[in-house]
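A, B, C, D, E and F are the chain letters, set down in written order, and residue numbers restart from 1 in every chain.
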Amino acid sequence: MYPTRLIEYEDASEEVRQVYDDIMATRKVDRVNNFWKALANHPVTLRRTWDSIKQVMSPGELDPLTKELIYLAVSVTNNCEYCIHSHSKAAAKLGLSAEAFGELLAVVAMANETNRLANGYQVPVD
Amino acid sequence: MYPTRLIEYEDASEEVRQVYDDIMATRKVDRVNNFWKALANHPVTLRRTWDSIKQVMSPGELDPLTKELIYLAVSVTNNCEYCIHSHSKAAAKLGLSAEAFGELLAVVAMANETNRLANGYQVPVD
Amino acid sequence: MYPTRLIEYEDASEEVRQVYDDIMATRKVDRVNNFWKALANHPVTLRRTWDSIKQVMSPGELDPLTKELIYLAVSVTNNCEYCIHSHSKAAAKLGLSAEAFGELLAVVAMANETNRLANGYQVPVD
Amino acid sequence: MYPTRLIEYEDASEEVRQVYDDIMATRKVDRVNNFWKALANHPVTLRRTWDSIKQVMSPGELDPLTKELIYLAVSVTNNCEYCIHSHSKAAAKLGLSAEAFGELLAVVAMANETNRLANGYQVPVD
Amino acid sequence: MYPTRLIEYEDASEEVRQVYDDIMATRKVDRVNNFWKALANHPVTLRRTWDSIKQVMSPGELDPLTKELIYLAVSVTNNCEYCIHSHSKAAAKLGLSAEAFGELLAVVAMANETNRLANGYQVPVD
Amino acid sequence: MYPTRLIEYEDASEEVRQVYDDIMATRKVDRVNNFWKALANHPVTLRRTWDSIKQVMSPGELDPLTKELIYLAVSVTNNCEYCIHSHSKAAAKLGLSAEAFGELLAVVAMANETNRLANGYQVPVD
């Protein structure tokens, strides 16, 4: 099953192309990332995941950059290399500075530390 | 070793009281949370952790609320019950609305989902 | 200590060869995977792990393919690259189709998502 | 924010009730679980999560019980207490026997063990 | 399936009793922990897990206390409440002092922190 | 943001050099690892992390090798490749034998296994 086939636009079914078109139009880019090309192996997952991401990451009370920071925090905690790269790039596009990136990683790391202190001492909820 | 002894101010050593005093002064509160009362069992860890948290969570290019959201994102991912409670309370104090909390959880959950899709398809970095 | 020495049959001790022989006979293959060649650095762990795997993965009320799917679900959740590759290969040999693989990943990802929604909302058990 | 308000049918908005109705109709039950009552605090997440679950868990090449086993494997790995309870109940309804449940846990545990042996020896992909 | 039935000695099969007897004899105690009483629901897992634990935790180049500390480090990282309790008790019996316990938790927490800094900066192996 | 710039001594600010000097003097080495060169992108995190590591890893009731083993146990559990390499090297320097390394991995793996058995059976604390 590996390496996963990455499905290019020209090789994609109509169903997949419609998702690719929507991704490119929504993000104002002219290509889709490998993530989507991999998901295209299971079109129903591609469609559902894109629709979900589009809903979840659209501006609400939290702005798009804040949402990307949260995404990054999770991805760093889980050590998802692909996701760290793609979401740090997305955050940089939205204006994340190198200094703010350093602050983000410091908070993520500290949270992972204190989560284990809370576990280790079995601290009761206040 | 359990339940962990929670060290109250009146029972604390001078070394521990100094940290408690600094926490209360910095946060403008008149008591410290159970987390700190548990760490007080190992005063050098109490001091270091507080100094680190104070540095990491102070306003920088990222504002304090954004930092709390990142903390929460990690704590939810790791399922640290104590940390989920304490950092959601801290975020609420800084103005997190119920709607924004819902958005935060949606992003955290979605990130945990797509992290596994990226793992499962072994997607190469773009 | 790295790269870990992979111990080939011809360089293996009698103790290790007996395990290799059993693996090859049980699985009807003529070579063992790198995993076993790495474990051979600690023969007692090699022997115990193989005996355990053989017991756990043998057909019971759950059939071998279902057991491989469960193995894969854990490995994708933990992002163990080696394990994702070896167990997807094992599952494919047992008949996992590309479509079923896509369904598996969709369930794994969704479970990782809803696990965090349950954490985040601290949902009480029904 | 805690304890999370669980929104009962009689207190729910029309938007939420429609999802509850669909859950009850699809599952042929006359009440919804706490998970959904908690998600109802963020109706758009409730709707999206239910639609996703309905798609992902419907029978495909993998049957519903196999999908529940995968869900359980992830939930046990992540130690999501709520999810362990709800998905083991769902699996039992679909016919999971006590013996098969024991086999499932044995596989999940063994996978978590060998994932770390693969990590620890940094075994190269075959 | 929950609460899990805890199988007491007097209700146990001969097969289970033999394992209980071995646990009590090896550990010089007159009762077994809930962990074993739960595993007894799947006797083959009970037997295999006990045999494995007995082998892995017996003194080797690493002494029993060091092995318990490693067990605890993993259990705190994974937030396994049961395991944190049982292995801290086991470590205390082997002589772990309150100070050493504090040091252990400090190392565990720091490792969880720096693991995420290494992830976040995607530091290449030296 | 990737690949992360590794800041060499000759390109480092005075603030960063002071930390590098302290690392080299404390560890009696003439170069710093990539980890520190990466953290140097955020000097305040570099300083804090080094000060914390120096405190946490210095000999106490637990000796330096035991602390490295705990570090390794966490890193293997979290699958942090960089950390596995650097802390196994540090442990080897402090005298960890190949046999003891094998024992360590066996304990780490077994703990990850039994953590999930405890989760799966939802074993109540004794």
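FYI, a contact is a pair of C-beta atoms (placed from the backbone, for glycine too) under 8 Å apart; a residue touches a chain by one contact, two chains touch by 3 or more.
If you're wondering where the values come from, they're calculated on a predicted model, not measured in any experiment.
Which chains sit in contact with both members of the pair subunit A and subunit E?
Of all the chains present, those in contact with both subunit A and subunit E are B, C, D, F.
Please indicate which chain is farthest from subunit E, where distance is taken between mean Cα coordinates of the chains.
With centres defined by C-alpha atoms, farthest from subunit E sits A.
Round to the nearest whole Å and give the separation of the Cα centres of subunit B and subunit C.
Whole-Å distance between the two chain centres: 35.
Please work out the Cα centroid separation of subunit B and subunit F, and write it as a whole number of Å.
Those two chain centres are 22 Å apart.
Please tell me the distance, in whole Å, between the geometric centres of subunit B and subunit D computed from their C-alpha atoms.
Chain centres of subunit B and subunit D, defined by C-alpha means, are spaced 27 Å apart.
Can you tell me which residues of subunit C touch two or more of the remaining chains?
Expected reply: 2, 41, 44-45, 48, 52, 56, 77-81, 84-85, 89, 99, 103-106, 108, 110, 112-115, 117, 119, 121-122.
What is the shape of the graph in which nodes denote protein chains and edges denote touching chain pairs (line, ring, star, complete, other)?
Looks like everything touches everything, fully connected.
Flag every residue of subunit B that touches subunit C in the complex, lowest number first.
Contacts found on subunit B: 76-77, 79, 81, 84-85, 104-105, 108-110, 112-117, 119-122.
Mind pulling up the subunit F residues that touch subunit B in the complex?
On the subunit F side, the touching residues are 44, 48, 52, 55-56.
Applying the document's contact rule, which stretches of subunit D touch subunit C when the two form their complex?
Per the stated touch rule, the residues are 2-4, 6, 33-35, 38-39, 41, 45, 49, 52-53, 56-57, 60-62, 66-67, 69-71, 73-75, 77-78, 80-83, 85-87, 89, 97, 99-100, 103-104, 106-108, 110-115, 117-119, 121-126.
Quick one: in the complex, what on subunit C touches subunit F?
Residues 1-2, 41-42, 44-45, 48, 78-80 of subunit C touch subunit F in their complex.
Using the touch definition up top, name the residues of subunit C that touch subunit A in the complex.
79, 84-85, 88-89, 92, 98-99, 101-103, 105-106
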